[in-house]
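Next up, some structures in structure tokens.
Two complexes, one shared chain (chain A), two partners (chain B, chain C).
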Partner chain A sequence: MASIRTYLQRIITKTCFMHPRVYNSPQIRNSSFHSSKFLVDVEVNTKYETTKNPEEWKYVERLLPVTTVPEPKKLPVYASGWKPQGDDLKDRPYFIARTRNHMMPVYLEIRQRGTARHTIIKKIQGDIWQLEKDLRPFLEDLLKPKNLRLQVNEFAGKICINGDHVNAIKYWLGERNF
Partner chain B sequence: MFSCTIPKLRIIFPTARSLSSLASPSQIEPRQLAFPPKYQQPRQVWLENFDTIEEKKLAILELHPEVFAANPRVDIIHDNVRWQSLYRYVSYAHTKSRFEVRGGGRKPWPQKGLGRARHGSIRSPLFRGGGVIHGPKSPNPHFYMLPFYTRIHGLTATLSIKLAQDDLHVITDLEIPTDDPNFVEELVKSRKWGPSVLFVDESDIMPRNITAATDSVKHFNLMPAYGLNVYSMLKHDTLVLTRAALDLIESKLLTHLHKNNSVPNTQKYKLNQV
Partner chain C sequence: MGSNTAEKALQMLKFLPRVCLANLKPSPGSRTSKKRGRGQHGGDKHGAGNKGSGQRQNYMRLGYETGNNPFYLRFPHEPYYQGHHLRREYPPLSMLDLLKLIEMNRLDASKPIDLVSILNTGLYKIFPDQRQYGVNLTDEGADVFNAKVNIEVQWATEPVIAAIERAGGVITTAYYDQHSLQAMINAKKFFERGVPIPRRMMPPPDAIEYYADPTKRGYLADPEKISEERLVLAQKYGYELPQIEKDPEYEMLTERKDPRQIFYGLHPGWVVNLKDKVILKPQDEELERYYAS
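Moving on to the complex of A and B:
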């Protein structure tokens, strides 16, 4: 690692030394697009060698950014309180997929300058009406004197609930391993 | 009489399998699904041959449910079709305002004394042949960009609908023995692929015979995988993918659905971007 960094630093200092214009040059402003000169390839005088070594490539690969969030390691308890999704959910009547960041797709939507708050559960697969039936008593207990206002969008696989119940629903889903 | 009572079930004995035209599983590699689905079952499709008129089913391929069993979101599909027809539409309707119409600089008659209404110009919008108020001005481009993930979900929804309606077929490749248009016509007719067919291959350089055979037939169209779009899929009755195209399309869509950094794609579209 350290060797690569020093190597790169060496190249950078070398190029700057060899091309003072790169380092400290007045900006060229041509009068218009048409009168400006065509771009030419800049001659690179730095000496470098090309190698194809899988052993060295491993260290380069380690520096490349990952394209997906990898599957997290299975631990009994996580410090952040986050819980992974259960493994055996194929026999459930419904399923709530995790997002690409392995989080629960439960969101708070604030409209009307903060006066309207809606909780939205997304990525619901399977029998969405069964999920509504199971979720309803839990939310009705929370809202006891008030009525529960809940809307099921089977077509898009979403449930919209009036009010901020994000943490309550995340807790409820976590209890059921979703 | 009896056909009503006896259920039409086909029982296949192991011996029948050896006689059937189905290729042995060792010949054709099964598909490995990236991002294995956690709940939905993978969808299945026949891999068919394309070098003979009569259909040979070579294998069953598994398709990722996230791409081929997505919700049939007709609202998203409509957004895509609307965008595809509008982003390249320029309205050339044009009208002239009262100051662009020729003439009308002189007061037509004196303000007072004639018993007529007061007017300052014969090109006023009240006059016949006068200018138009708030009329259309040319050119009026209707270009806009659909959000990136609306485009992605449009493709998955349309592919899922095509598969569910039995309008999606997968073939080995686009190699055919002749460059005769009748061969493709007969093939499509015998396989009941509907009048219009869209053939999608992995790259834009396709075998010579299929290009020559479909060149004169306007309802058979060839398309590389990078050109796949919602409008063309809906326009054609049947979508025929080669296996290589299927792999490419599925992997591309899955990477976009699962990648962690979607910021470069979801940023505001700039007209002068590279």
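Moving on to the complex of A and C:
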């Protein structure tokens, strides 16, 4: 047993001599990442050149992401099918704001382990009951033999509809410039 | 004081009815009435049934048949999905989505579009550790695509290439290895790490055929063969090929990366210092040889 220990010790001292930096500096184990000290004076043995070229820096700036969502382009026709919100919405009894990404706030929520689908319209301001009254015949027409199940949450400004009608409602809202 | 209350109590006793079994009551608050649970199990099952996965809400994984030899393992040889856990994935991005990103100013079409600029929009994500290797540009919306772009994707089909070239644009398919992708998914964070830009590795043997194919507009293909194939595709799909040489944006459309390069205009091996706005370039001969293309 003792002979094994001396043998191991000999190996350890040997390897430490092979790496003088390891031998000279004792191992430090900080209690956590946050309490550990900053690394200072890292030895850099490679030759390098520090350059400040505005032409090269343009390529770096191209890679940095923008911090805010930009305003969409103003085009006469949008080939992608997206439409900006109309400007003539002040005289309407209700208003549906766009999201920060300039999209309509109509979402599909899948519940009950994928068996229940609900369409939710958010960001409704003004007379939400009038919106429900306007929307109801359009959706009832789509569902014809079945009856429409729709909930209005006036306080939160949301309307929840049973079933997946996201595209239909987006079309309906787009027709009315929302 | 004490005698006073005792006197008061005695005074009251004169007028109060006599204490007997008929008017004894427990002191207020000492007894609480039990609530009656509603429903079949009085609410103790919380609507989740009795016993098994239903009660414990630990639903079985897909295809598991509670100890039976499952259907998907019942037949001995089904090689279609062999090695599916090792295959490269290319999460799709449709041309319609791409057009929407350009029209909504999320992507700048006046500069070359690559994986970094698509990821910087924050509307498309990849996870390289899940073997996702970049964009698969799909042909949904190819008919309405009208933006002139110089785009670099990781996978594209023939109709997609045709749609982009018909609109006057240029498409390249390029491969990035895992380390390069880790640097690309958040370029700002990568620069903040103070690590040299890695050099791009060559594609693995099973991908090299695709990326050297001029019909796929591979980045390793011969440029002359690519321009030939552009003409062939234009004749096949029946559109007039717009001439890039006469385009006012010729320089933008012909900007390409080196096969070893990850970011446009930045050489592998450089260290970008965002704080001092300087670039550190290695001068060691050995390093220069390592990072050379």
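Some points to look at:
Everything below uses one rule, namely that the second predicted complex is superposed on the first by the 116 of 178 C-alpha atoms of A that agree within 3 Å, B and C clash if a C-alpha of one lies under 4 Å from a C-alpha of the other, contacts with A are read in each partner's own complex, and residues count from 1 in each chain.
By definition in this document, contacts are C-beta pairs under 8 Å (C-beta built on N, C-alpha and C of every residue); 3 or more make two chains touch, one makes a residue touch a chain.
Note that the structure is predicted; figures quoted are calculated from it, not measured.
Look at A:Lys73: by the touch rule set out above, it reaches chain C but stays clear of chain B.
With both structures placed on the common chain, the touch criterion links A:Asn53 to chain C but leaves chain B unconnected. Looking at the superposed arrangement, the partner reaching more residues of chain A, out of chain B and chain C, is C.
With both structures placed on the common chain, the touch criterion links A:Pro65 to chain B and to chain C. Within the superposed three-chain model, A:Ile28 lies out of touch with both chain B and chain C [touch as defined at top]. Of the two partner chains placed by the overlay, only chain B lies in contact with A:Ala97; chain C stays clear of it.
Once chain A of one complex is fitted onto chain A of the other, the partner contacts of A:Leu39 are absent, as it touches neither chain B nor chain C. 65-66, 101 are the residues of chain A that lie in the contact sets of both chain B and chain C, per the superposition on chain A. Contact residues of chain C toward chain A in the complex are 59, 96, 99-100, 103-106, 111, 116-117, 120-123, 141, 144-146, 187-188, 191, 263-266, 271-272, 274, 277-284, 287. Partner chain A is touched in their complex by these residues of chain B: 38-40, 71, 73, 255, 257-261. Of all residues in chain A, only 65-69, 85, 89-90, 92, 95, 97, 100-101, 125-126, 155-157 touch chain B in the complex they form.
Across the interface of their complex, chain C is touched by residues 46-53, 56-60, 62-66, 70-73, 75, 78-82, 101-102, 113 of chain A.
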